[in-house]
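This is the structure I have questions about; it appears just below.
Lettered A, B, C and D in written order, each chain numbered from 1.
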Amino acid sequence: MTERQTDIEIEFLHMRLCSPLVLASGVLGLSSSSLKRVADAGAGAVTTKSCGLEPRAGYVGPSIIPVSHGMLNAVGLSNPGVKEMVREVADYRARCRTPIFVSIFGGTVEEFGDVAEAVAQAEPDLIELNVSCPNVYSEFGSPFGADIDATAAITRRVKQRVGAIPISVKLTANCLSIGQTAKVCEQEGADALTAINTIGPGMLIDLNVRKPVLSNLCGGLSGPAILPVAVRAVWEISREVSIPIIGTGGVTTAEDALQMILAGATAVGIGSGIYYQGLEIFDKVNEGVQRFLQEKGLGSLDEIRGTAHE
Amino acid sequence: MTERQTDIEIEFLHMRLCSPLVLASGVLGLSSSSLKRVADAGAGAVTTKSCGLEPRAGYVGPSIIPVSHGMLNAVGLSNPGVKEMVREVADYRARCRTPIFVSIFGGTVEEFGDVAEAVAQAEPDLIELNVSCPNVYSEFGSPFGADIDATAAITRRVKQRVGAIPISVKLTANCLSIGQTAKVCEQEGADALTAINTIGPGMLIDLNVRKPVLSNLCGGLSGPAILPVAVRAVWEISREVSIPIIGTGGVTTAEDALQMILAGATAVGIGSGIYYQGLEIFDKVNEGVQRFLQEKGLGSLDEIRGTAHE
Amino acid sequence: MSEKMSTYPIRRVIEHSPGLKSFYFYQDFDAVPGQFIELWIPGVDEKPFSISDLSDGLLEISVKAVGPFTERIMSCDLGDYLGVRGPFGRGFKIVDNALLVGGGIGAAPLRFLARVLAREEKEFVFLVGAKSKEDVIFSRELSKYRFYCTTEDGSFGRPGLVTEEMERIMAKDSFACIYASGPEAMLIRVMEMAEARSVPFQISFERYMKCGIGLCGQCCMDGSGIRLCVDGPVLTQDAVRGITEIGLPHRDATGCRPRPT
Amino acid sequence: MSEKMSTYPIRRVIEHSPGLKSFYFYQDFDAVPGQFIELWIPGVDEKPFSISDLSDGLLEISVKAVGPFTERIMSCDLGDYLGVRGPFGRGFKIVDNALLVGGGIGAAPLRFLARVLAREEKEFVFLVGAKSKEDVIFSRELSKYRFYCTTEDGSFGRPGLVTEEMERIMAKDSFACIYASGPEAMLIRVMEMAEARSVPFQISFERYMKCGIGLCGQCCMDGSGIRLCVDGPVLTQDAVRGITEIGLPHRDATGCRPRPT
């Protein structure tokens, strides 16, 4: 574990995170050991893979493929189910003090509530509601995240059932107004917002076999390609709400992370960036952010958060 | 002008195009000379910049900036107005036989009809309805393209007013279902569809001055980053309609163009690709497509169009 | 760029025995022994396979039919296009005077290793164990080297387990490194013997994999949390030491580890 | 990658005369004389400017206040961050024994050219014409070279137009190339003289520009349709020959060309 630079610490809800960087859901988030390894690599918090009520194997391969400037994925919400996840979280807690956020999904408003309540037993530092997975259309229809009322209902219901555990709603940019959706989530009691999930979705077709490569035909686009869209989304959300935002999407460098913070993010999610930069991405981005603050003579990220709005 | 390869010729509506490649609207589309130059470079058809009733200067700079894997633009529908455009089209016609498509926009359904009628005087080979410009939000509200009913109304109205001139509706991926929108356009009489316009929008923030770089703050994302989203959009549309599709978005290579065709596109739009590959992009892609057909022993693109659906 | 999906036609198929075939593809990457690829049968699924040889751009993988995917690939034929992503992971480091121990289809990556060792004029002994004669691949080729084989049913080579043969050989000779690949029970025994004699080892492990590029978390090993697809599949004793799940049932596609009931 | 936007602090400002300043930035690209950059005043606008010098990473641009943007830049100060994208376009090709003819602020790209010509030990004569003494920039530096100046009001150098001086010089000497930059009326006269004497020319033109990277179509020249931002701003006689709009009012930001009413 590298020495933490105190100045890139942030206050997030009632936690102090040693770094603004948060492992995004779905990446290296299946097991306690994997999550601990990411925490040790320099993340300020880690998020689990989204889990539902029952174990799901997800789609057959290929389910994750690099394309020219990003990744396409349609893993089909594969996950070990909430019971197993609760065990992993407990195991993580016993071994690691870095805050852990548990991501959940459900097929109905009520199911979101059920999963959240089950997850609450593990006392995660935050429950993230994945209302925005674009890859299970045939099963669940278009993502809740595209429907502002459904998103509101899920937020409200989960909030009722998890008590004091903070919740963050993970928003999609594939909606009419991410700013308005964010505002409604805040009104319904969301403690934070995560934005964005993958965009598109996108498709890659192989020219020789003339078939889409992903077994699900299409998958969500993440990685460098989506950074500008994510920055814009965070900017729009931050204009509408005062709760903290985990700005996620396409971050691979300190400059990218700083754009998120200037747009109004409190923390910065990193997922696909691990493919592009390895697990060292956390240290590298932390150091780059630190260097930027030093060069500009700034004491902490608080001094620049959201300043691109001025 | 290079020798045309007959085998990449396509039938598009009632035209024969010497290449499936179409210059996308907004790129090098202001003047007859510029459009002719692109035709000479190997495009099968060219599309003008979108024009409205009156001249518009658009936004101040920066209005077009390259980002890591694409371009952001918010030119603010700058255009010389329909009267001037009609002159340019006439001038183009006098000098060049490559088909010309005129793109139009309007602030209301009626205005779309007015501009279309004015443009029809120039007898363009096709009128493209830009219902999907994402960059004039503050002025026009969210793009018509996100609203299926508005898109339908515009299509119907324009169809009534331009008589026999074919129309293509330019769709945005920033909507709930591009397939459904396409279907409605077909029902309302659209002769073709163009997909997609830029996505996002996206934002780039400068870290030193802590401000968004684009004068409009955000702008539509085009270029390589959006290819997978465009391919998926074409695929979805092609499942719903039988009218031809101009597959546009992120095409820079023959492989990209072929993905579009396998997904169901009849013609392939190229815009930002000109930045990445120069005007030679048309020749290069034509040659690459030709080579692919030869290697696979295929006579024409008809033999593979849409085959990724099988 | 080969981490992206590319499809190649099958250039050659060799049937070693029923349900045991090698497939060859011309492609454009370079790889070291121990690395693996993800193989896509269009419309079916994608699964990891070790590279069993790569020379002059001709890639060979050797597959044993054990389930739906590997059965399906047995019916793939010359000219069929299959998708290949890779090479992935860390392979074997070359050491002189080594003992190679392969169990069943686990011999595949060691065969590529042996070819490279021979090319670099390193000394080595190659042991292969299998259930039966039909499960022994490359025996003709390997007999050019110092090669010993065991089968459980005694139908080829010496009867018994490969680890018994290994015991005998290690009693006589000393080695600078043990390379191994095969069923996990065998690997555990190999590690015990290596540690007992303080011989360094490099062992190729298998876990359920999805992405192959270190993102999905499917192949992360309990304990240290290392990603087998990126930090492995070849692990040294240092890497193995941090792992607590060796010998346990593997996590399946859901991420669950089957628990004893 | 410098075609992307980067911001740099102003390192130095020189006031040549009121409304005529040079600004210096340390940046990380290389460029040739005749190329230009797009300059962004954050929150204001972005406009094209020729590079008037670039050495050891220190970029100089020289601006004359003629409207809102160029007025605004006069109030920019040391340490202010401005955005620079570039370098864009095709610059001048180096020719020995050349005549450089600059009109007003048009002297800016020629000043960079002169420095490069001198560095490469090429022969050249530099003529600058301006309205008045205050509009003459770099005269002290340029007097190291074979430098002649004209002003319309006679306040500096010879009274009259630079093209008159050019006529006199060309009557005496012969040149392998004429480089020119300045108001279009002047450029037309320069081209006439060059063609009359069959001297090749390389001339830097200006048109309304937006993207600078050959996409928006704003700077496309009627006739051949070439993009001035990519295929220019420096054009040879071959390139000029295909253009039909020289001397006409320029297209404005809407794309309209003001028509005589």
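As a convention for this text, contacts are C-beta pairs under 8 Å (C-beta built on N, C-alpha and C of every residue); 3 or more make two chains touch, one makes a residue touch a chain.
Being a predicted model, the structure only gives us computed values, none of them experimental.
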Shortest walk length in steps over touching chains, chain B through to chain D: 1
Contact clusters after notional removal of chain B: A, C | D
Farthest chain relative to chain A (centres taken as mean CA coordinates): D
Centroid distance [mean C-alpha coordinates] between chain B and chain A, Å: 34
Between chain B and chain C, centroid-to-centroid distance (C-alpha), Å: 50
Between chain C and chain D, centroid-to-centroid distance (C-alpha), Å: 66
Junction residues of chain D, two or more chains touched: none
Chain A: positions in contact with at least two other chains: 67-68, 204, 207, 211
Chain-level touch network, classified as line, ring, star, complete or other: line
Chain-to-chain touches, reported pairwise for every pair that qualifies: A-B, A-C, B-D
Residues of chain B touching chain D in the complex: 26-38, 49, 55-58, 60-68, 71, 73, 75, 78-81, 84, 204, 206-209, 211, 213, 215, 271-272, 274-275, 278
Parts of chain D lying in touch with chain B, wherever the complex brings them together: 3-5, 7, 9, 38, 40, 42-47, 81, 83, 85, 210-211, 213-218, 220-227, 244, 251-256
Complex contacts: residues of chain B adjacent to chain A: 67-70, 72, 142, 146, 173-174, 176-177, 199-205, 207, 210-212, 217-218, 221, 224-229, 231-232, 235, 255, 258-259, 262-263, 292, 304, 307-308, 310
